[in-house]
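In the two complexes that follow, subunit A is the common piece, with subunit B as its partner first and subunit C second.
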Partner chain A sequence: MTTAVQAPTPPAKAVGPMRQDRRRGVGRFAALLLSPTVLVLALVIGYPIVSALRLSFQVTHQGINPTTGMVENTSHVGLANYAGIFSGDSASQFWNAFWNTTTFTVAGVAIETVIGVAMALIMHKAFRGRGIVRASVLVPWAIPTAISGLLWKWIFQSDGIANTVLHTHVLWTTEGFHAWGAVLIADVWKTAPFIGLLALAGLQVIPGEVYEAAKVDGSGPWRTFFRITLPLARPALVVAVLFRMLDALRMFDLPFVLIGAHKHSVETLSTFAWYEASNLRYGTAAAYSTVLFLYIAVVAFVFVKVLGADLIGRGVEGKKK
Partner chain B sequence: MTSLPPAGASTPLAGALAADATRAATGLPVKRTRRAGASPWAYAGITVIVIYCLAPFYWMVVSALRRPDDQFSNQAFPWPISLANFESAFKPSNGFGRALLNSLVVAGLTTILTLVIGITAAYVLARLEFRFKNVILAAIIATSMFPGISLLVPLLKLFVSIHWINTFQAMILPSMSFALPLAVFNLTAFFKQMPFALEEAAQIDGASPMQAFRKVILPLAAPGVFTTAILTFIAAWNEFIIALSVTNKQDMRTAPVITSLFTGQYGYDQPFGTQMAAGVVVTIPLVILVLFFQRRIVEGLTSGGVK
Partner chain C sequence: MRIKRSMARRAVAALGVLALAGSLAACGDSGDDSASGAKPDKLTGVGPITLATGKDTTGTLNEILAEWNKAHPDQKVTLTELPEDADQQRQQMVQNAQTKSDAYTILNLDVVWTSEFAANGWVEQLPENEFAMDKYLAPVVKTAKYFNKLYAAPYASDGALLYYRTDLLKQAGVAKPPTTWDEMKADCAKVLKLPAGKGMSCYGGQLDKYEGLTVNFSEAVDSAGGEVVGSDGKPNVNTPEAKKGLDFLVDGVKDKTIPKDALTWKEEETRRGFESGKVVFARNWPYIYALMANKKDAGNKVAGKYNVAPIPGLSGPGKGTLGGHNLAISKFAKNKKTALDFIKWFTSEKNEKTWLTKNSQAPVYGSLYDDPALQKQFPYLSTLKQSIEKAEPRPAIVNYGDATAAIEEQAYAAISGSKSSAQALKDLQTNLTKITSKDK
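Moving on to the complex of A and B:
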């Protein structure tokens, strides 16, 4: 990538300095144009991340000052916020949130991917009405998550439409497994179309000749799907699934609006950390959110390294090999 | 909420649509048989998809249009239609009108600032060769995966100490943490598609890189910038956790936040009719954007990640 700087070609002695000069000019120009973005990101992401890390090691105790008799907060540096993850009352709450975050992500993304791919296959076959389909597929994606949380809360009311249609009497929005299910349904509704769109884009770059060749070779529809469609659409699908997983791991709006703050059955790491912060326990909140951050980083790393998700896209990383 | 679409490649949908047009025009027999064979099932499938996507939204609209007395009716059509829920959503004590304005200011300013800052970065990353380019691009993309909550906790503490609670900047600046990577990502993908001959021609004519960018590339990039603006605006308009946490005064809340916090007459009953009406109002601008710019939005969302 930086060949011009690294390799001053011997024969072009006369051109060398000039070219190097121009390259340096490009570098300076690039740095100038990049600096606002880098600066803003450092401010709104770099600073908070470092600061959260520092906060997470800051242990605050509330005690009565013996001389003044006032309640005072004293803080020192320590691992107590992280230790709370493994022992005591907070441990079970933390692991519950961790478990919910994981199950929402795994179950949600799995169902979304199946529905999304099915949608993509259908949309790919349809020749007329593409505009209507595309517009309607975008509607769940465009509705703010908080609003869709309210909408599903209304649908899942005790005498709401969900119970009427299903002929059930489930109190969906109260604590319990059904609350988890309600959040999952709302999440799948909103995000399956998004996977569908990305998968459709992946299908559309598969040339028709491949399918014709498969047909000539006597491949049935299932075989064609698993042997041709899926492998060829894989790059697009892996990226879509990765983005959905990163998004699902930080789920906040839906459980918060649909069920409520600090509800055991739908508490995620995000809502739990938010609850701690809203009760001014910044240290533990920072520790939990740091764990979530590391969790997300590990998932992203696995996707990029093991499954080969190419996020940057062709033309940059792709050319290296 | 916001999912970052992958960057890199071209616009496959547009290509496919063009291919459809050619197929229709040439009327190749092979394609014709395939189309005839596929259609009944495909149409059934399409109907299922459309119902799946629109039924809950339809229910929101229907519930908003009911009379408060019929609120718990589960009839598919609201009759008689009533705007009472909308009236009560806009009741002065709810502060919903002001919240819409706040949302517009926050989402609008976030979009403008993001584009102004992001365009140059995306151009540099897409068109120029320099050291650490891949590292910088990867870092910018990596920032999009940071969970909002881990940014929020320290920012909340900071904003409390510098008295930024209940200010626009306290919502706009953190919103850029997801808006800026999204914009740079999309714009980089867009700039990459433009032919390099454009700059070469400009340079032969004696233009500096800056001039080439301003006079040649930028005007031609307008469609990509516009698409990015729509995506950024929708993402910022839908933002919830930051706006919820850095405000506690009613007249600084944004529309999605205030809608979720509406309280009923007695405090404990949730005013669903009013909330559905407010939800429709919050969603309508986005649905209009989707209807008008669906092709662009899909192109923006799917640009890249597709080889």
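Moving on to the complex of A and C:
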């Protein structure tokens, strides 16, 4: 594990003027080779972000000429689109969407992680038909989200399978907590395999002798799991959870297809921004998207910087010492 | 380990950026379009054009286009197929307009989009004297006009029909379909007492929270003598008449005349509910008539056992809401003269007849509904004509998307019982007033 850190560094004395020149040349050549990639990234990622940021500060007032009926828009630069988040008609809708986005992410990822790790543990065991189990667990992940949304819509319709199996008569796709639950179930079904797969990758790099040693020391299965399996699989698991969180924060298609557009119980920041844009309020749509962007950035930063770094560092180095 | 960590961090950063770039890029640029003009501009330019329309799964469209293209080799019409979903069709047409692209020449607009496209100056005003205005069904023309100017040519219509079970009504001794809500409830009570009516509900419509709810709500309000938006363009829903209309739906759900399931019903769910014998009466569009007649599967219990009538109202036949499509010419297109010629030919009586016989699309000309041969093929035609002639267009509001969302919001709150109908209408009046009076 430590070999990568202690890569041999050349002694400083050996660097003469010739060498430095050559190095600079190599650096320039590398920059030249990389420039097309940088250019493409700037066009594909940089430009849309800057353009959306600019758009989010453009405040548009719509007016309709009373004699001709024509729309006459005036727009200026300002902060009104962002101020609308805190006051006005759309504030409550925004915070409702923000709350849904957050609860979907927290509840969804927590459940997915537990189920995903359980799946990985099963897939990791050597038994007959393991290949089939591994492949079948991945089927939900392989189905496009919109299609799985349709499938779950059938399951959750008033005379659907869900009500038949549960002997209930819940109208899942109407407004209310049950709609939130339906989306959560469908999301967990679809994405737990993703965590399962990444956790499995983490399990497979744990050397067998560690387990043998644990056995010799008389460690029980729970102790082995919490003291050995989990800490050693943690790096992979943290990445998996982080990816899922970033994915869940921008959830769009599942609530949209499964429950429907503009239903407040399942409206996320993405669907709310879409709704604003489709009603030609691009300024506010861009502002909400920007807020979502910052929200995701902060979550990623906190996760990697605080939780991620600490967890991985202690988990591995602590063991070593 | 450190390398792994930094890689993960970088991957995470890249992923976050990518994820957002997508959602941000989806928002286009808004322009400051203002347009003016009292008389229609002369439409000029001859040459190839495109027709932007939703998917046609029957192949009829291609046949009709081939006929035109054969006769006009230098003014060919190319089909630009848009997604099946109406919202996405609108979105693509809006994007086309905002980038001022000439990719779409003729736009196949849903009737409720006319005001928005006209007010934003995205479509050309059309010369009324070049169309047979007196031959169209009157309410259909209303959907093509904005501020009393013609912005689109009527192309397809659609009206509400009350589907009812002939077998059950006969067994219950009901001679003719109901014309009022009270009659419908009384007839229903008789049917539900029959052994065959066990477990059935009375009436179903499209009450899920989507565009269909706006349609059903407007119908109920109009059928009770109320109005959603007055002739002066101002919302007027906080009235006793509108309340009676909304209460038809609210009380219906409460006293189980309308099954609670209907809160999840769109058109297709309504059809399935009617087909499987859940409801005695159902409100739907004409398109399901042929579907239910020809479908021979276990879920369809009603083949040969249903008929249609005009939808009922408070004290007499109700007023339906108009559906349908109009054809408009994009402001930013080339060869607009060809486009106008094509629209005139495409919506001619001859072609409308083809649409009716091949796709059972409701024509916009009154005369076709009276054709005995066609009536034989489509037994619902005369009922549909009555329905369309009495129908009201949905509110002509520029910000239609906001208006329909507000209507859905309040109507849904009332029907699902989270708000009283009086409060819902009061809130709706406030919201609609805000939406329609967005002046400087």
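In this section, the second predicted complex is superposed on the first by the 262 of 321 C-alpha atoms of A that agree within 3 Å, B and C clash if a C-alpha of one lies under 4 Å from a C-alpha of the other, contacts with A are read in each partner's own complex, and residues count from 1 in each chain.
Definition applied: a residue touches a chain if its C-beta (ideal position, glycine included) is under 8 Å from a C-beta of that chain, and two chains touch if they have at least 3 such contacts.
Here the structure is a predicted model, which is why all the values come from computation and not from measurement.
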| task | Go through the superposed model and pick first if A:Ala277 touches only subunit B, second if only subunit C, both, or neither. | result | both
| For A:Ala300, is the partner it touches subunit B (first), subunit C (second), both, or none of the two (neither)? | both
| said: Once the two complexes are aligned on chain A, which partner has more residues of subunit A within touching range, subunit B or subunit C? | reply: B
| task | Could you tell me if A:Ala30 is touching subunit B, subunit C, both of them or neither one (first, second, both, neither)? | result | first
| task | Mind working out whether A:Trp189 is in touch with subunit B, subunit C, both or neither, as first, second, both or neither? | result | first
| task | Report for A:Val38: first if it touches subunit B alone, second if subunit C alone, otherwise both or neither. | result | first
| task | Based on the superposed arrangement, let me know which partner A:Pro48 touches: subunit B (first), subunit C (second), both, or neither? | result | both
| request: Look at A:Leu166 in the shared chain and tell me whether it touches subunit B only, subunit C only, both, or neither; answer first, second, both or neither. | output: neither
| With the two structures laid over each other on chain A, which partner does A:Thr174 touch: subunit B (first), subunit C (second), both, or neither? | second
| task | Using the superposition on chain A described above, determine whether A:Leu151 touches subunit B (first), subunit C (second), both, or neither. | result | first
| Residues on subunit A in contact with subunit B in one complex and with subunit C in the other? | 1-2, 4-5, 44-45, 48-49, 51-52, 55, 157, 159, 235, 239, 243, 246-247, 250, 252, 270, 273-274, 277-278, 282, 285-286, 289-290, 292-293, 296-297, 300, 312, 316-317
| note | Per the touch rule, the subunit C residues reaching subunit A in their complex are 1-5, 8-9, 11-13, 15-21, 23-30, 32-38, 87, 90-91, 94, 118-121, 146-147, 208-210, 260-261, 263-264, 269, 398-399, 401-402, 405, 408, 412, 416, 434, 438-440
| request: Going by the contact rule at the top, pick out the subunit A residues touching subunit B in the complex. | output: 1-2, 4-5, 23, 25-27, 29-30, 33-34, 36-38, 40-41, 43-45, 47-49, 51-52, 55, 119, 122-123, 125-127, 129-140, 142-155, 157, 159-161, 164, 189, 191, 193-194, 196-198, 200-202, 204-205, 212, 235-236, 239-240, 243-244, 246-247, 249-250, 252-253, 256-257, 269-270, 273-274, 277-278, 282, 285-286, 289-290, 292-293, 296-297, 300, 310-318, 320
| note | In the complex, the residues of subunit A that touch subunit C are 1-2, 4-5, 44-45, 48-49, 51-52, 55, 58, 60-66, 68-75, 89, 157-159, 169, 171-175, 235, 238-239, 242-243, 246-247, 250, 252, 260-263, 270, 273-275, 277-280, 282-283, 285-286, 289-290, 292-293, 296-297, 300, 303-304, 308-309, 312, 316-317
| query | Hey, which residues of subunit B end up touching subunit A in the complex? | reply | 1-9, 12-13, 15-17, 20, 30, 35, 38-39, 41-43, 45-46, 48-50, 52-54, 56-57, 59-60, 63, 72, 74, 117-118, 120-121, 123-125, 128-131, 133-134, 136-138, 140-143, 145-158, 173-174, 176-177, 180-181, 184, 189, 192, 209-210, 234, 237-238, 240-241, 245, 256-257, 259-260, 270, 272, 275-276, 279, 282-283, 286-287, 289-291, 294-295, 297-298, 301-302, 304-307
